[in-house]
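When the chains are written out, they are named A, B, C, D and E in that same order, and each has its own residue count from 1.
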Amino acid sequence: MIEFRAVTKRFEDGTIAVDELDLTVEAGTITVFVGPSGCGKTTSLRMVNRMIDPTSGTILVDGQDVSTVDPPTLRRGIGYVIQQAGLFPHRTVLDNVATVPLLSGWDRRKARTRAAELLEIVGLDPAFGKRYPAQLSGGQQQRVGVARALAADPPVLLMDEPFSAVDPVVREDLQNELLRLQAELDKTIVFVTHDIDEALKLGELVAVFRKGGHLAQYARPAELLSAPANDFVASFVGRDRGYRTLTFLHADVPVHPVTTAKLGERTTVSDWTLVVDDENRPRGWLSGVDGEVEVSEQDLISGGSLYDGTSLRGALDAALSSPSALGVVVDEAGAVTGVVKAGDVVEALAKARAAGEVPR
Amino acid sequence: MIEFRAVTKRFEDGTIAVDELDLTVEAGTITVFVGPSGCGKTTSLRMVNRMIDPTSGTILVDGQDVSTVDPPTLRRGIGYVIQQAGLFPHRTVLDNVATVPLLSGWDRRKARTRAAELLEIVGLDPAFGKRYPAQLSGGQQQRVGVARALAADPPVLLMDEPFSAVDPVVREDLQNELLRLQAELDKTIVFVTHDIDEALKLGELVAVFRKGGHLAQYARPAELLSAPANDFVASFVGRDRGYRTLTFLHADVPVHPVTTAKLGERTTVSDWTLVVDDENRPRGWLSGVDGEVEVSEQDLISGGSLYDGTSLRGALDAALSSPSALGVVVDEAGAVTGVVKAGDVVEALAKARAAGEVPR
Amino acid sequence: MTWILENWERFWEVTAVHLRLSVVPVLAGFALAIPLGWWASRSPKARAVLFPLANVLFTIPSIALIVITPVLIGVRILDEINVIVPLVVYTVALMVRSVADALSAVPGHVTAAATAMGYRPLRRFLTVDFPLALPVTIAGLRVATVSNISMVSVGALVGLGGYGQLFTEGYQTDHTEKVLAGLIGTVVLAVLADGVLLLLGRVLTPWARVGR
Amino acid sequence: GDPLSSGGGNEPAPTDTIVVGSANFPESRLLAEIYAEALAAKGIKVSKKMNIGNRELYFKGVQDGSIDLIPEYTGVLLKHVNKEAPEVGSEEVYAALKKALPQGLVVLDKAAAEDKDAVVVTKQVAAQYSLKSLDDLVPYCKDLVFGGPPEFQNRPDGLPGLKAKYNCEFKEFKALDVGGPVTVAGLKDNTVQAADLFTTDYAIKANEFVVLEDPKNVFAAQNVVPLINEKKASQQVRDTLNAISKKLDTKTLLELNQKLAAPEKPEPEKVAKEWLSSAGI
Amino acid sequence: MFGWLFDPANWSGTTGIPVRLLEHALYTFATLLIAAAIAIPLGAFVGHTGKGGFLIVGLSNALRALPTTAVLILVVLWAGLGDFPVYVALVLLAVPPIMAGTYAGVRAVEPVIVDAARGVGMRESGVLLQVEIPNALPLIYGGFRGAALQVVATATIAAYTGAGGLGRLVFDGLALQEFGQMLAGAVLVALLAVLVDLAFAGLQRLTVSPGLRPVGTGGKR
C-alpha cells in the first residue's frame, strides 16, 4: 500500500508540480496516474522511490515513511520501469535483468538463473538473454524493462509511461501481458500514462491529474466514464463514454437461438442463417436466397465481431457489426451458442442502471 | 492523381519492401496508407518523390512518369512532411517555411510573405516566424512542417507519420486541422500512419498494407469496418468495428420531445426531467423526486454526452451515456431540441442496412 | 630506412624509451582526467574553470615546463620525471574535455534507471556511467595518446625523448636519414598505439557495435 | 627569478659510476664519447647521458649530480658562471674559470684544442668585399645581415664586442642556432651574409666558407676542458682525462669532426674508439 | 617576469613585444586559413558521402603523430630557411583537428534533417552547403578552436629557424638566461591563445544559428 499524505512538490524555479496530493494506492492493485503533459504524474511517481523528495507532506510505503529509509536501499525494494525502458546499453539482456539482485548481494549464478526465469515470465525466449538491448525491438525492450523491475520480486512496481514508445499493436500486447502478470504476481503497481484508453484498460483505480498537480478525480474506470467529476475529466475521458462504460458491465443479455447450417450441406434458407464449420465455429451469414441451396463458401456474407460473454460492450458490438444485426455468441472453444440483439443490450443497460449497477 | 503500376521495390539486401503494388490515389482526396511496422508504407510513399527509386514498375503523378523527371525538380513540386517534422534547426520558422519557394527561385520578400501567410493557414501566430524550431512544442513543429510542405502550393502532398510524435490530445487537434485544410485547399494527399484510428478518421480511401509490401485492402473506411477483406484486415482494424461503423452513417433517428425545467424554477417532477439554463442548454437530469420541487444545482445528475446530429455513433453514445437512457440532442447553439433513444439507433442501423447503405 | 636496418639496436633502444615516455604520461594523465572530467560534467562552474585552464596549460611551451617542473616538485633537472610531468599536464589538458563530454552524453534515462534501481553514486559511476562513456572517452584517448607520442620528442632537450634524440642528432649532423628514421618511428608507433586503442575500445564496448 | 638557481632534489648516482654527459652538438658528443670510452677502458664504471639540449640544463645537471662529467669549452663556461668575466686569452680564461666555478665542480687540464667563435662569410661575399679579417668587414657591416645564436646579441664577445672593438654594427641580426645547420643554411641561401660559426666546424671547409681573422681578439679562448664533479674526480679519472687533453689539439679535432661529417655518418662512439686506439690511450 | 614585461624598452622597435605578437598572430592566422582551406572541404566531403570515414579518422590521427619539430627540421634541411618550413609544420598540425571536427560535425547532422533537405528538393550541393555545414558548425568550430590553440602554442617553434613570433622571447630568453623574458614569452603565448579562442568564440556566436543553441521554451527534462 502506498499513501500520499498532503504531498506537495515545488521545484526550485517555483513550479508547483504536485499540490497537496492525498491518495492511497491499494496493495495488490494497478493504479493508473493519467493526465495531460506536465501535470505532475512523473513527479508524483518519483517521490515514491525518492528520486525526488517532496517539499512537504509524507509518503508511506506499506506503512513506513519513505523519508526515513536510505534511498538506494528503498529503491532496491521498489521496481521502476521507465519510458524507453532505460536499459543499460552496455549489458546483455540477462545482465540487465540481473542488475538489482546483484546489487542486493545475490551471487552471480543465482541472479542469472532468476533473470532467465523472468525473461520467460515476461514472454521472452531465454535465447534473447545474450543479446544487447540495441538488438531488440522496442516491444522486446519494454518486456526486458519490466523483467528487470521484477527481478528482486519487489512488492511495489512504479511504471512511468512504459509503453509509450511502441506502436499500437505491440502496445496492446504489452498491456495484456501486464494484466496477466499482475493477476499472477499480485504486485502493487503505479502506472503512469497520458493515454486515457490505456488508463481505463489497466487501472483498477485511475487518478486523473490536471495541470498544476491537482488530483481531478480518483475513481474506478467505469465511474470516470459514467460520472466524470467535472468538465475537465469529462473532456479528458473523451467521446464514446457511454459506449465504453459498457466495458465494465457484465449484466446478462438474453441469448437467442439461431438457425445454423454446415458448409457444403443442402439446406432451406428463409431468413438469416448462420453458416458454421464442422466444429460449429461461425464462418459467415447466408441470406437473400430462397428455397433449398447448397451452402458454399462464395455465398457467405462475412464480417461481424464475436461475443464471448465478457462485457456488454462486446455484445453490443457483435450485434452492431453483424450483417444480420444478430451478434454471434461463442464459447471458449469458439463454437456458436446463440445470438444477441442490440436492443437486448440496451435493455440490459437500462436494467443495470435501474439496479444502481452503473456508477454515477 | 497518383498511380502506382505494378511497382516493386527490392532493397540491396534482398528485402522486398513493396510487392507489385497497383493503386490509384484520386486527385483532391486524402488517401491513407496504414499497416504494421515494416510493411512498406514509407517505401511506397518515398517512391512517389523519388527519394527511393522502384526496382520495377511505374509511378505516374498527374499522368507523368516520375522516373523521367529530375528528382530535385520533382520534389519541389511535391510537398513532403516527415515524422518529427524534420525542420531545419538552424533556420527560423519563417525561413523553414520559405525553403521551397526560395529553392524555386522566388525572391526573398515574396517567399517570406508567402511563408507568413502559411503560418496563419496552419493556425500559428505569425510571431512564431522569428523563433527557431527548438523553441516550439512538438505540435507546433508539426504545423510548421505542414506549412513548409505547402509553401510552393504543390498539388500533391506526401505525409509520413507526421503526427506520431505528439501526444493524443494535440494529435487530435492536428488531425482536425488537416481535415479543415484539405477542405479548403483541395490537395491530393497521401498520408502514412500505423494508427488505424487515424487512418479511419482522415482517409477518404484507406490502403491497408501487410508485411512484405502487399496491399491487403484498399477501400473506404466504412467498408474496412463492415466488410474487412480478410482476417488480417479485420484484426488490424480491431475491435468495436460495429460501433465504429456508425461513424459513417448519417441516417435519421427520431428525435423525441423531452420534459425540461429551468434551474431555480419550481416544477412537478414525475419521471426524468432535463434541466436547462436560460439559453435552453442542458445542465443535467432530475429524477427520483416526486411532487413539486425547486430545481437546484445539487439535485442534478450530470453526465452523458450530447448528440449534435452528425452520425449514428454520436446518437448511440449520447443515449448510452445518459443517466436517463435518453440522449440529449442539441443544435448548433447548444440548445436542447429533444432526445434520442438507443433502440431507435439500432432500428435506424437495421433500416440503413436493409437499404444497402452499410457497405459489405 | 636503411639507417633503421643498419642501426637496429640503437633504433630499438630509442623506441623503448619513447614508448615508456609516452605510455606513462598517458596512463597518469588519463587517471587524473577522469575525476576532473567527471567534475566538469556535473558542474557548469567546474567547466567554466577547468576548460580555459586546460587551454592555457596546453599553450605553455614544453621547454618552460621542463625548466619549471624540477623547481616545483623537487626532482633533478635531467630526471625522466621532468619530461613525464609536462606530458601528464598536456594529457590532462587534452583529456578533461573528452571525459566531460563523454560523461555528459550518457543518456539521462539510463542513469535515472540506475539510480532508481538503487545504485549508490560511486558504483553507478564505475559500472554504468563510465562504461557508457567509454566509446567517446576512447576516441579522446586515441587523440591524446597519439599527440603524446609526438610530443615525447621534446624530452630530447634533456637528453631523453626517444626518437627526439634521433631528430637532434640527425639535425646536428645534417643527417636526414636519421631524422626520417625518427619520424617514421614516431608515426608507426602512433599508428600502432592508435590501432591498439581502437581494438581495445572494440573489445571493451561490444555493445556499441551491435544493432542499428 | 631564475628557476635554475634554486636547488632541486639531490640524489647523486651510485658513487662508483661516472655519468658522462654531452651537449647536443656533434663535437661535444664525440668528446664525451672519448672520455667515456677511455674511462671505461680503465675499468671505471661509466654511463652516458648524451645530447642535453643546452648549457642551462646540463650545467644544472652537473650541479645536481644528474651527470658527473661533460666536455666543456673554457670561454663559454666562464661566461656561464660569470657573465661579466673580461678575460679573453687562453691562460687567463682558464685561470679565471678555475676560480669562478661553484663549490664541488672542477675542470681538469685544458686541451690545446680550441673551438672558438668566428665570424664566417661565404666565398662569394668574401670575394665581393675582399674580406680577410674583421677589419676589412667594418665598412660593410651596416649593409650585411648577421646570423648567430640568440645569445650572440648580448654576449660581451658577441655583437657588443664587435661594436666596441671594431665599431661594426650590422644592418640586422637574425637569431639562428648555435653554430648549427640552420646557421649554415642561412649562409648558404644568403639569408645572412655573415655568421657566427665555430672554428672546428667541418661545414666551414665543406662549404668553402671564409673565416675572418680576429686581430683585436673579440672572441675569447675556447679550449676543450672536462668539467667534472669533484667527488668523482679520483686520481685515476684525472690521469685518464688529462692524458686525453694532452693529445687533443685543434687539428685533431678538425679531423675528427670531418670524420663525423662523412657521408656514411658514423656513430660518434666508433670514431671515439678509433681515435683512442690510434692515440694509444 | 613582470619587470621584463612592463619595461617600456621591450615594447618598441622591430623586436618589441607588439611586433612579436603581431608576427605570432600572423603565423597563426595564415596557418589556420590554409589548413581550413584543405581540411574543411575534405572533412565535409567525406562526411557527406559517408565513404572513407575510417580513413579520415585514421589519417588525422597519423598526422597528429608527426612531431612538429621534426617536420620543421626536415623541411629546413630540404628547402632551406624561411617561413615555408614553419607553415608546412604548422599546417600539418592544424589540419587533423579541423578535418576531424568537420567530418564529425557533418556526420552528426541528424539523418531526418538531411532527408528533409532532399525531400524539399535540394540538390546535393545544397544539402551540403545549406543544411549539413550550417548544422555542423558547432563541431567545426570545436575542431577549429582546438587547432587554433595548438597553432598558437606551437608557432613558438618558428623562432627555431630564426623567424619571429613570440617564440623569439622564449628561445632568446632561454639562451640569454633571461628567465623573465622567457616567462613573459610563455605568458604572452597563453594570453594570445586565450584571446584567439575568445575571438573565435565570438565569431562562433555570430555565425552559428541561434537555433542550434541548447535553448527552448519547453525546456528539456
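Heads up, the rule we're going with is that contacts are C-beta pairs under 8 Å (C-beta built on N, C-alpha and C of every residue); 3 or more make two chains touch, one makes a residue touch a chain.
Here the structure is a predicted model, which means the values were calculated and not measured.
J.: Starting at subunit B, how many touching-chain steps does it take at least to reach subunit C?
T.: The fewest steps needed to get from subunit B to subunit C is 2.
J.: Which chains lie in contact with each of subunit A and subunit B?
T.: Both subunit A and subunit B are touched by no common chain, going by the contact rule given at the top.
J.: Could you quickly compare A-C and D-E and let me know which has more C-beta contacts?
T.: A-C
J.: Computing the C-alpha centre of each chain, which chain sits at the greatest distance from subunit E?
T.: Here the answer is chain A, farthest from subunit E.
J.: Would you kindly say which chain has the C-alpha centre located farthest from the C-alpha centre of subunit C?
T.: Following the centroid criterion, the farthest chain would be B.
J.: Centre to centre, by mean C-alpha position, how many angstrom separate subunit C and subunit D?
T.: The answer is 37 Å.
J.: Just how far, in Å, is the C-alpha centre of subunit E from the one of subunit C?
T.: 20
J.: Report the inter-chain centroid distance for subunit B and subunit D in whole angstrom, where each centroid is the mean of the CA atoms.
T.: 92
J.: How far is the middle of subunit A from the middle of subunit E, if each middle is the mean of its Cα atoms, in Å?
T.: 58
J.: Please list all residues of subunit E that touch 2 or more other chains.
T.: 77, 174, 179
J.: By the touch rule stated above, which residues of subunit C touch at least two different other chains?
T.: 63, 67, 171, 174
J.: When you check every pair of chains, which ones turn out to touch?
T.: All touching pairs, sorted by chain label, are A-B, A-C, B-E, C-D, C-E, D-E.
J.: In their complex, what parts of subunit C are in touch with subunit A?
T.: Interface residues on subunit C, with respect to subunit A: 109-110, 112-120, 123, 128, 131-132, 134, 205-208, 210-212.
J.: State the interface residues of subunit B toward subunit A in the complex, per the touch definition above.
T.: 36-37, 167-169, 194-196, 225-228, 234, 236, 239-243, 245-246, 301-305, 313-314, 316-323, 325, 327, 342-343, 346, 349-350, 353, 360
J.: In the complex of these two chains, what residues of subunit C are touching subunit E?
T.: 52, 55-56, 58-61, 63-64, 67, 142-143, 146-147, 149-151, 153-154, 163-164, 167, 170-171, 174, 176, 179-180, 182-183, 186-187, 189-191, 194
J.: Report the residues of subunit E in contact with subunit C in the complex, numbered from low to high.
T.: Of all residues in subunit E, those touching subunit C are 58, 61-62, 64-71, 73-74, 77-78, 149-150, 152-153, 156, 167, 170, 174, 179, 182-183, 185-186, 189-190, 193-194, 197.
J.: Which residues, counting only subunit B, touch subunit E once they are in their complex?
T.: Those in contact with subunit E are residues 49, 51, 71-77, 80, 82-84, 86-92, 99-100, 103-104, 132-137, 148.
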